[in-house]
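What follows is a set of structures to go through.
One chain, chain A, appears in both complexes that follow, with chain B as partner in the first and chain C in the second.
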Partner chain A sequence: MTDTTSPVLSYRDFGVTFETEQGPVQAVRSLDLDVFGGEVLALVGESGSGKTVTSLAALGLLPGGARVGGRVELGGDSVLDMAPAQLQRLRGARASMVFQEPMTALNPLMRVGDQVAEVLTNHGVLDRAAAGERAVELLDRVGIPEPKRRVAQYPHELSGGQRQRVMIAMALACDPQLIVADEPTTALDVTVQAEVLELLRDLRRDLGVAVLLVTHNMGVVADIADRVAVMYRGELIETGPSEQVLLRPAHDYTRTLLQAVPVLPRLSEDHTGAEDAAGAEDAAGAAVSASVDAGTGTDTGTDAALNLEAVTVEYRGRGDTFRAVDAVDLRIEAGRFVGLVGESGSGKSTVGRCALGLLRPASGTVRLFGQDPHALRRRAARSVRRRLGVVLQDPGASLDPRMPVGECVAEPMVVHRTLSRRDRDARVAELLESVHLPASTAARHPHELSGGQRQRVSLARALALDPELLVADEPTSALDVSVQAEVLEVLAELQRRYAFACLFISHDLAVVDSLTHRVAVMRLGRIVEEGPTREVLTAPRDPYTRRLLTAAPVPDPVEQHARRQSWLGLREAPAA
Partner chain B sequence: MSGSRPDQLAADDEPAPASGHTPGTVPRRRGTALRRFTRNRLAVAGLAVVAVLFLFSFVGPLIYDTDQVHTDLAAANLEPGDDGHPLGTDDVGYDVLGRLMVGGQTSLVIGLAAGALATVIGTAWGAVAGYLGGRVDAVMMRVVDAGIAIPALFLLLVASAITTPDVPMMILVMGLVSWLVPARLVRAEALSLKTRDYVLTLRAIGGSHRRAIVRHIVPNAVGTMMVNATFQVADAILLVAYVSFLGMGVQPPATDWGAMLSKGVSYAYSGAWWLILPAGVLIVLVVASFNFIGDGLRDMFEVRGKNR
Partner chain C sequence: MARFLVRRVLQAVIVTVIVTVIVFALLHALPGGPARGVLGQQATPEQIAAFNRAQGLDQPIWTQYWHYLGRLVQGDLGESFTLNAPVSQLLANRLPKTLLLTMASTVVALLIALPLGVWQAARRNSVLDYTATALAIIVYSTPVFFLGLILIMVFAQAIPLFPAQAPQGDALGDILADPNALVLPVVTGAFATVAAFSRYMRSATLDNLAEDYARTARAKGTSERRVLVRHVVRNSLVPVVTMLGYYIPVMFGGSLVVESMFNYPGVGFLFWNAAQTSDFPVLLGVVLVIAIATVVGSMLADIAQALIDPRVRSVAV
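Take a look at the complex of A and B:
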């Protein structure tokens, strides 16, 4: 598959330094790398490893404050020495780019067909009329249904996956030798991600284009890459065929990175036929949950930390109402971890908001520790809320940037007037230590901490009052895998120590697997499947759960190949 | 837990960001905000000019002592340099340099106090309206719209016509007409701040609305507030000058730079440039300086805003 004669793209002793307020920062150090025609080279690394800077250099797109050293050659021409006019001709025609965020990468005021055609007319390849026809062909090529109708639509009328396909069509328009794809599927749901990766695989095979794929997701690498280059702190530490790097990594860092990726349990193959046995599923499911509940010995109705019954939430738009959550039942026994998974727009966060009493359902009942948070008077409501802990998704917004960390952590104690000021400081130190942060962190401001440290501070704050129920909404989804592994480990350790119940909301099935006792899968506002975590993840009864599971890539190229085949099989089968 | 945590990674050994791509996670020392302000040369110059003008107005009279209460018609309309008056005298014999100092006290005090009052009222109003939202917000903002529809100058003139204008009255009136713009700005800020995770978290654990507004919304709107406050001060000084120019400001023997300008205009055609030029230059200087300081503060706060 690799054409070893001459590389499409090659880096030689490439380096980038940024001038910052703290002095120069070396983002990339003496990097040597080749990308050959018809191959997918995955450039992997965590945030700040320099992978994006490296990929942007291929198109001469480095930001203003960057000092560059070494050589970058595209088809034998030095990109770094090109004049702006030359670079303009090169971009799009010989090398093109697919960005992460398909919504912001397309112009919302322009029809998608015109945006694809624009690439062709800009480079003078075709005139307007011919470009318009070619745009239809291109949209058809990237698998957008009814391309004739779609060319006249605006980006907001397309789904996220379709928008990313339009981006790929634009990248393909002038038959480039190289496509640089920077986290092309990170903003997409796993099932959509699988589709887009499938498309990239087709294009590579049919058109022989080289793809430089920048990603942090080892599963994506296993799925599509021929070769892998691993970057760490600005240096290229390992390069090789993906099978070799992923299965027999030579470098310690690669090994750590791979170990940090949460792994899904293997799907049991004999269950593929079980979907047909839908009639038997109720009995089986009931038996399983009954046995688990019996094991914990908590079956008195009022004891549940959280109980949602037929909860429905509606958002009123212009004239029409949108049902975000539809008759959801969910019960969390004291001391149990329950995962709530689903793709974006499935209503899982809305359920979380309901559980926290931040949102009033249109119908159905919410019971926190047996009481309705909305029906209570002020004092009683406060005493119920005292037993809650909250960790929300965005590490950038979960802590008040103007408050020192110590005050953030102490806030629940201040709100509920527990402990004296001095005891509070001691408690803050103790909490910070329980999430493996030094007590001196209390004096620092959130912006001085990394994303993972901030999420651990959020966790410390959530635990300040020894909560009986923790609601965690995607607490690790914005973090690098190794950092995510740490945060999850801390969470698991604290759970063992304090035995609180937890509603853990996530889009990542593997994360849920490592933490929770039971899991509920949501789709379009409904819970499609609920049961003990292992059971649901290894032998899903609902076809949607099964598709979700097979679409999630795993960082093992051999197993991933098998998963892709079974996903393709499921895709062919008509699913709701 | 499926043993997925790598043992090699100790708790505080997260890979530090090595590039400028993640500004939020780069540790930043406290001094950098100040450095960002001082990098704006005009802002530093503005700060220096304002400091000099304060010294001139409040410390100046201690060194350069003149009678600014009793008229002296024998020494009226002297040219600069005559009889120990470096900037001459006006039509009733007040020393112009000394008068600029006294007038500066009035202008600066009214400007600062009115600016501060407007900012405080505007921030409180805007933060409450934006945070509570819904009907309360609608009603509160319609009040602001109505207030903006009435020209501030007109209100000031009416107030001056009804009562005798003195310094506290002018501060009050000016503060009460100029809080509307900061109220709108802070409300817009509060609308976005109230959906931040830390505010939601506080509400979920039972924190009061008051705490959310006082501890989270207002401190995070401080950048917007401070920048606007400097512009408010400049506007207030200019407004005092307008009103005084129209003869409705503080009454003699008290004065301010605008009033000096207004009195001087009638003699300007007979060549008495020293009655208008110094006062005019000082008004331009102080207003420009406060605007530059505002720009500098904006630079100082804006980088933090990049943190999403």
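Take a look at the complex of A and C:
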């Protein structure tokens, strides 16, 4: 598939330095890379590796403060030497871009058809009227239903996946040689991601366009990339065909990175369910709960940490009510980890808020440790809350930026007046140590810490009162894989040490697999399937679970190919 | 959209009723009550009692409020203590003139401020941008009367281009007949607005230039000028339009100074004189009118925002 004659895009000795107040920071160092016609080259790396900066340079889109060295050539023309007018002629015509966040990447006040047409009129390909008609064809080409109606809509009226399709339509409009896609599916649900990747695959095949795909997701790489280039701290450390890099990585960092990716267990081809269900729960949980005494899993008679029965939550909108959670039953025994997975809008976070007693359901019962949190008087409610811990997705937002870390961690103890001041400091040190942070971290502020460190601080805070139930809502979604692996490991270790129960809310099935005993799958406010994690993930009974599982890409190109085939098969089948 | 309008108007009505309660309470919070205000400090208790009876001030407070509201609905704001005329008549005569002055000032100001803000954002951190910023801050922090005095000194006395007194006359037509005399009051009133709104517009434009959609537009090969004009400006207007609605009381405050300075026969001048003679019915009538204008202004701003922003519109439908 690769055309070895001459590259569409080539970097030679490319480097970028940013001038900051702390002095120059080298974002990319002497990088050599070629992208050939018709190939998908994945540029992978973790945050701060320089992959986005490298990709932006292909269109001369680097921000003002950047000092650039070396050469970047697009079809033989030096991009870095181009005058603004030349760059304008290049952007959108010879090379185009698809960005990560399709909501913010589109102008909210402009109809999507006009935004697509603008590329065509910018480059004088078509006049306004013809460009408008062409926009309809392009939306049709990228698989947006009812394109005639859609062109007149605004971005907020489209779903996330459709918005990203609009971005792709814009990128295609002028038949470019190269599409630079910067994390194009990261903001999307897995099933939508699978659709968008399928579209990119079609376009590459039909139009022969080269794609420079920037991503952190090894599953996406395995799914679509022909070649992979791995970046680490501004340097290109490994380049090669996908199969080689993903299966036989040459560089240590690549190997570490791949090991950090949580992997889904292989799906059994049998659709009817697992015969090896017996003991599956323990097998899955073994990774985390070897030391949890066997009794906790079996005594269902006593009070569960959390018990939801027929819980329904409604949000009143304009005129009509929206049922976010619909008759959900969920039980978490003491000391057990239960995963709650689903796509955005499935109602999983709402269930989490019910579990915390923050949201009163319209009907159904919530029992925390056998008690109804909404029926309790103030003091009893406080004592129930003491037994709860919570970790949210974005530690940058859930830690007070002006409060030193130590105070943050100590705050629950202050609120609930447990421990004296001196004992509190000792407890903070102990908690920080238990999440693998030095006690000296207590004096620092959240902005001085990395994302992973911050999330470990919120974990320490959640555990300050020795909770019996931890609600973790997407605790690792904002983190890089290697950092995610660290945080998950800390969480598993803490669970072994303190034996708390956990409601682990996530969109990532593989993460749930590594950590939980049981899993519940949510869709449109309902739990469609619940069972021992390993059993659900290897032999799902519900067709939606199966679609979800096959849509989630795994970082093994061979297995991913098989998964894609079974996903395509399920996609053709009518949706349940 | 229709439902949004109905809801928004209802909100405005509720706020207005609350405003009448506050104004009514103020009327009764006067030391010694309105009677002292009218009859003066030397009035005997008998005189006060007689006044209270005549004005219905001896009735229970809720009855009084009810009557006050009833009169209000009929456009009766009471009698001026000093001018021997109904407050409503005074306002009816003065309000159009003040509206003319403030509208003219605002339109002139926005015609300068909005392009200036966009231009500053496009040339951000250049010497010209810094100069404009410095001037805006100086103007904004200078009292209006001082700016007015300088304008009078320069353009009425040193170079006598315009008269130092605003056009006089009872009818709106008299004012419009002498546009030359309107120049200095309008310009004086516009100064602070230019300063404030060029700042808002500059920062809104800068925020939007850094947005993802602006980067997308550039990645489509859109020229920087077109990114600004076609994408960024409209997005930047959304917060600025909202700001404008809340700016109405500030403009009235400005007109108070401008009108008394240029002897302009508007509401501000009326208020100024009423304040000096403790003419409470007039003062509170003006307060009520300004409060209602503010309520209506912020309602219009919300509606304008809905017209600009399809997201607000669709939530509003």
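Some notes on this structure:
In this text, the second predicted complex is superposed on the first by the 545 of 576 C-alpha atoms of A that agree within 3 Å, B and C clash if a C-alpha of one lies under 4 Å from a C-alpha of the other, contacts with A are read in each partner's own complex, and residues count from 1 in each chain.
Simple rule for what comes next: contacts are C-beta pairs under 8 Å (C-beta built on N, C-alpha and C of every residue); 3 or more make two chains touch, one makes a residue touch a chain.
Predicted model, so just to flag it, every value in this text is computed and none were measured.
After superposition onto chain A, the modelled positions of chain B and chain C are compatible, with room for both. In the superposition on chain A, A:Val261 makes contact with chain B only, not with chain C.
In the superposed pair of complexes, A:Val119 makes contact with chain C only, with no contact to chain B. Of the two partner chains placed around the shared chain by superposition, neither chain B nor chain C is touched by A:Gly208.
Contact with chain C, but none with chain B, is seen for A:Leu59 once the two complexes are overlaid on the shared chain. Shared-chain residue A:Glu157: touches chain C; no touch with chain B.
Between chain B and chain C, B contacts the larger number of chain A residues. By the touch criterion stated above, A:Ala105 is placed in contact with chain C alone, chain B being left untouched. Angle at chain A between chain B and chain C, computed from CA centres in the superposed arrangement: 30 degrees, to the nearest 10. Measuring only between alpha carbons, the smallest separation of chain B from chain C in this overlay is 5 Å. The part of chain A that touches chain B in the complex is made up of residues 16, 18, 20-22, 25-27, 46-50, 52-53, 65, 232-234, 252, 255-256, 259-263, 356-358, 381-382, 384-386, 388-390, 392-394, 396-403, 408, 411-412, 415-416, 436-438, 447-453, 458, 461-462, 465, 471, 480, 482-483, 485-486, 488-489, 492, 513-515. Interface residues of chain C facing chain A in the complex, by the touch rule stated above, are 3, 211-213, 215-224, 226, 230-231, 234-235, 238, 308-311, 314-315, 317. Of all residues in chain B, those touching chain A in their complex are 1-2, 4-6, 8-9, 11-12, 14-22, 24-28, 32, 35, 196-198, 200-208, 211, 215-216, 219-220, 222, 304, 307-308. By the touch criterion given at the top, residues 59, 61, 84, 87-93, 96-97, 99, 101, 104-110, 118-119, 122-123, 154, 156-157, 167, 170, 318 of chain A touch chain C in their complex.
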